[in-house]
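Several structures are given next for inspection.
Next come two complexes built around chain A: one with chain B, the other with chain C.
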Partner chain A sequence: MAENGEHHSALPYFLVWVALLILTVTTYVTGRMHLGTWALPLAMIIAVTKSLLVILFFMHLWEQKGANRIVIATSFVFVALIISLTVADVATRFPLSTPAGAPFGTDIPAELEETAPEYQPPAGKIGEPPRGVPQPK
Partner chain B sequence: MSEAAALPPGEHPARGADPHLAHHFSSLERQVDASRLGMWLFLCTEVLLFAGLFTGYAVYRYSFPIAFAASARTSEIWAGTLNTVVLITSSLTVALAIHFVRTGRQRAAVVCLLITLAFALTFLGIKAIEYTAHFHEHQLPGRYYRFEGVRLPGASMYWALYFLMTGLHGLHVLIGMSVLGVIAWRTSRGYYTPHYYVGIELAGLYWHLVDLIWIFLFPLLYLI
Partner chain C sequence: MRQSEEDREKLGAPPAHDSYLTDGTTVMSWLNTRDHKRVGVMFLAAVVFFLFLGGVFALAIRMKLLYPGPFLFDALTYNRLFTLHGVTMIFLFMIPAIPSAFGNFVLPLMIGARDVAFPRLNLASFYVYLAGAVLAIWAMVHGGADTGWTFYTPYSTTTPTMLFPLLLGVFVLGFSSIMTGINFIVTVHTLRAPGVGWMRLPLFVWSIYATSIIQVLATPVLGLTVLLVALERVLQFGIFDPARGGDPVLFQHFFWFYSHPAVYIMVLPGMAVISECVATFSRKNPFGYKAIAFSSLGIAFVGFFTWGHHLFVAGQSVFDNGVFGVLSMFVGIFTAVKVFNWVGTMYRGAISFKTPFAYICGFLFFLVFGGMTGVALATVALDVHWHDTYFVVAHFHFIMVGAVIMAFLAALHYWFPKMFGRTYHEGWGLVAASLIILGFNATFIPQFLLGNNGMPRRYYQYPEHFQALNVASTAGATLLGFGFVIIFIYLLIALRWGPRCEQNPWRSKGFEWLTESPPPTHNFDRIPHITQDPHDYRTHAPSGVYADV
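So, the complex of A and B:
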């Protein structure tokens, strides 16, 4: 607002920008290190830190009134609810009712990287239904 | 107060004191607070819109962890990283534009907004190169998936989610560019003053949200 207009400095924006760049490099380097189980939590921690920097300083939530803070906090609560409850549903189903695969894991087993599985993508052109695959009538 | 500022539509001339004050608000401060609250509510609906896609990603990543990890490794990681830097820097230039309007330097603010638009165009250009490469490699959703590099069930789901999420995000980049373009034009006409700049502030909020969503898309789609 006008009251802090004259004494406002641009320096904090550059500091936040540098912090965001450092975090981007961090997430890139750690993302390529194949950390296995820890890759997803670490990447999400970095992403949440970056988004907090953007929300608090670039979007000025730091100096906003309470109502705006409640609004954005509420939306994040609902994001957490929809993702956690939906994944909890899928994770606790009878195993055969879910698609093939295991719970969260990020590293490809060595045997899978060495030999390609038997699955062969059907040959054919883009736009045409693949040969040998029954099409719905 | 700048008398040269254009009168907004619906302004009540008899009030005289402030050309920006709409007739149904008792003071400019209340008007600005209401605008900000409305924008934050809108941003919440945007966050929840993307939350649906993130939920879909979470479910299919849970079901096909190996296919998703393998597919992410075949994405154009250089482009994703470069685009992250481009968007973060464009967020900085938008924040600087608001700072310059606050301190009464409208010309610098217009320059910052134009730089932001240039960054947005760069982002879309890199995205276009990426999409072209994926189409060329047949890294496509559903039955159009013909990529030889990853032959795992679930890989086509990764690309379906990739195109949905980056596509919806790209649409938001386009909308943000239009909004910033209008705001840059209005700023160059002297519409915003150090006492009244809520329009440029709200446009900035939208652009930061676009950056925010990309901050989550980048590690999920490219890195892990």
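So, the complex of A and C:
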């Protein structure tokens, strides 16, 4: 590290920066391709890869040893924990109790098809109260 | 405790040595202190105030429930009172009570350090706590909120009550908790005296260390969650709103990801105190030291895998219900390891039945009773019947009030001579302990019966046939309150007029007793070199020698 008298080459940082730019462009392009079920997992994979690149190289985690590595590994385990068991709930839930518009878990079995309500896209824009929903006074 | 003539002469006389209490007596010397002991005492004063405030709210609720119909105040006031009771007791009293007050005071002493690793951060954690408390009180004075301390959506995103400042207060309080956690983790890693290896850490330190890990890992999720509720209220983000593709159950996942481990933020420090007191008052080495130490880490770890048992009837999937039900029961295994080891420590020990030991007995009963009803509640089929009834209220009060307050009072009485260099009236101590244990049982055992008979929690009115048990519960709560008043009076008297005590009145082999009582500002004139395991009663030799540093 710099304070130890060592000097880093700028090349790895430049390469990481290029990789981040490529991933950003990939996110933009795939976001416009309407990939359906794959849109969310792909976006998540790209986002996680980008954050890993930033943490490992720009924040110098790659050079850390011992307890610092344990701390960051534990943090990732816990992020994975909250996401996995929460997603497991939505993915395995009784289909009609999953809110309409959820990316998965809404495939309604044939025997329930007739009674299922039709999907209504959310009304209104973010920042405005939804139409037809009573608001607090 | 009868006073001798010699004791009377000592009354009011200055201590033989300079202590942290006499090193600056102005208000500013306290407000600007970086001394971990003074920060601990300030935290203690603050949490006792909030225990009183939360207790007043609790008594007001119980008074209303004397009668089935409308009584004393209206339904909205009732809703506000139980919300404020929960918020005050959990965020302002129980979470900081043992780690921030007693942990701050004794943890550095126990590892032979002169202070915590970050003394300024330590003082900052107190002021951040005060800032959060002021926000919460401001919200209370301006009408309070009526959502319950759990802030469940969708109601919390629409209630017209003063929820926003309360959420902000909880958000700010979280930072104080994280600061304390980071400080303790770094202190334990870096400031241990010579001879204090990991396997020689006092059991109190092990549990506080485990608590700190939870504080650092879980509290940010609470901050995130209350921030999302605030954004949902102000900007209608729609994260928890089904009309916008959101999911109200997601809030419960986020909230309990913090709040269930938070139960262990409250209970683990209680277990920490009991581990110390059991050895001291049984005059025996801790039975199964490693088992107690590692079970603390086990509880901290497994505690993160159980949050879904709060969502059994909230629409959570059957798959998750099963997974969380099974995982929740693992906590019982680690808790049982501790309980058996404490009892093993007492077995054939030279038991000294002082006030802290009375609270240990109360703690063991309440923890086992509350824990076993918890195992029952983790069974999905049974929880469907008991969910949101007074059975759940009684269960978590057995753990949170029963166990945690017993441990808090045990710590208060055990370390009172260490903190202030004076002793209290032992007879009154035992009277108050008996009243509190009796009053607690009388308050909450009827609530188990009420819940099992179907009385829902948080309801303003109830059918008349529930009245007898509600009256019994209110009578118990009154007894409980009376016990606290007695403690408050005799400890205040002891603080001013109590006989001065020697350095180690309990003859404890805990490392914190190696220095004077009350300790000098820098804890040790010379850093001790610890030569024995904590609480090694096999020898009369002191646990450490002073090395020249």
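Please note the rule applied: the second predicted complex is superposed on the first by the 83 of 137 C-alpha atoms of A that agree within 3 Å, B and C clash if a C-alpha of one lies under 4 Å from a C-alpha of the other, contacts with A are read in each partner's own complex, and residues count from 1 in each chain.
Here is the rule we go by: a residue touches a chain if its C-beta (ideal position, glycine included) is under 8 Å from a C-beta of that chain, and two chains touch if they have at least 3 such contacts.
These numbers were taken from a predicted model, which means no experiment stands behind them.
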For A:Glu63, using the defined touch cut-off, is the partner it touches chain B, chain C, both, or neither? Pick first, second, both or neither. neither
Return first, second, both or neither, reflecting whether A:Phe76 touches chain B, chain C, both chains, or no partner chain. first
Which partner does A:Thr86 contact after superposing on A: first (chain B), second (chain C), both, neither? both
Contacts of A:Tyr28 with chain B and chain C, given as first, second, both or neither: first
So which one touches more of the residues on chain A, chain B or chain C? B
Looking at A:Phe94, would you say it contacts chain B, chain C, both, or neither? Reply first, second, both or neither. second
Overlap of the chain B and chain C footprints on chain A, listed as residue numbers: 67, 74-75, 78, 82, 86, 90-91, 98-102, 126-127, 129-130, 133
Given the complex with chain C, which residues does chain A contribute to the contact? 67, 74-75, 78, 81-82, 85-86, 88-94, 97-102, 122-123, 126-130, 133, 135-137
For chain B, which residues are in contact with chain A within the complex? 29, 32-33, 36-37, 40-41, 43-44, 47-48, 51-52, 54-55, 58-67, 69-70, 77, 81, 84-85, 88-89, 91-92, 94-96, 99, 102-104, 138, 140, 143-148, 151-154, 194-195, 201, 204-205, 208, 211-212, 215-216, 218-220, 222-224
Which of the residues in chain C end up touching chain A in this complex? 158-160, 189, 217, 221, 235-238, 241-247, 249-250, 253-254, 257, 304-305, 308, 311, 315-320, 323-324
Can you tell me which positions in chain A touch chain B when the two form their complex? 1-2, 5-6, 8, 10, 13-14, 16-17, 20-21, 24, 27-28, 31-32, 39-40, 43-44, 46-47, 50-51, 54-55, 57-60, 64-65, 67-68, 71-72, 74-76, 78-79, 82-83, 86-87, 90-91, 98-109, 112, 116-117, 119-121, 124, 126-127, 129-130, 133
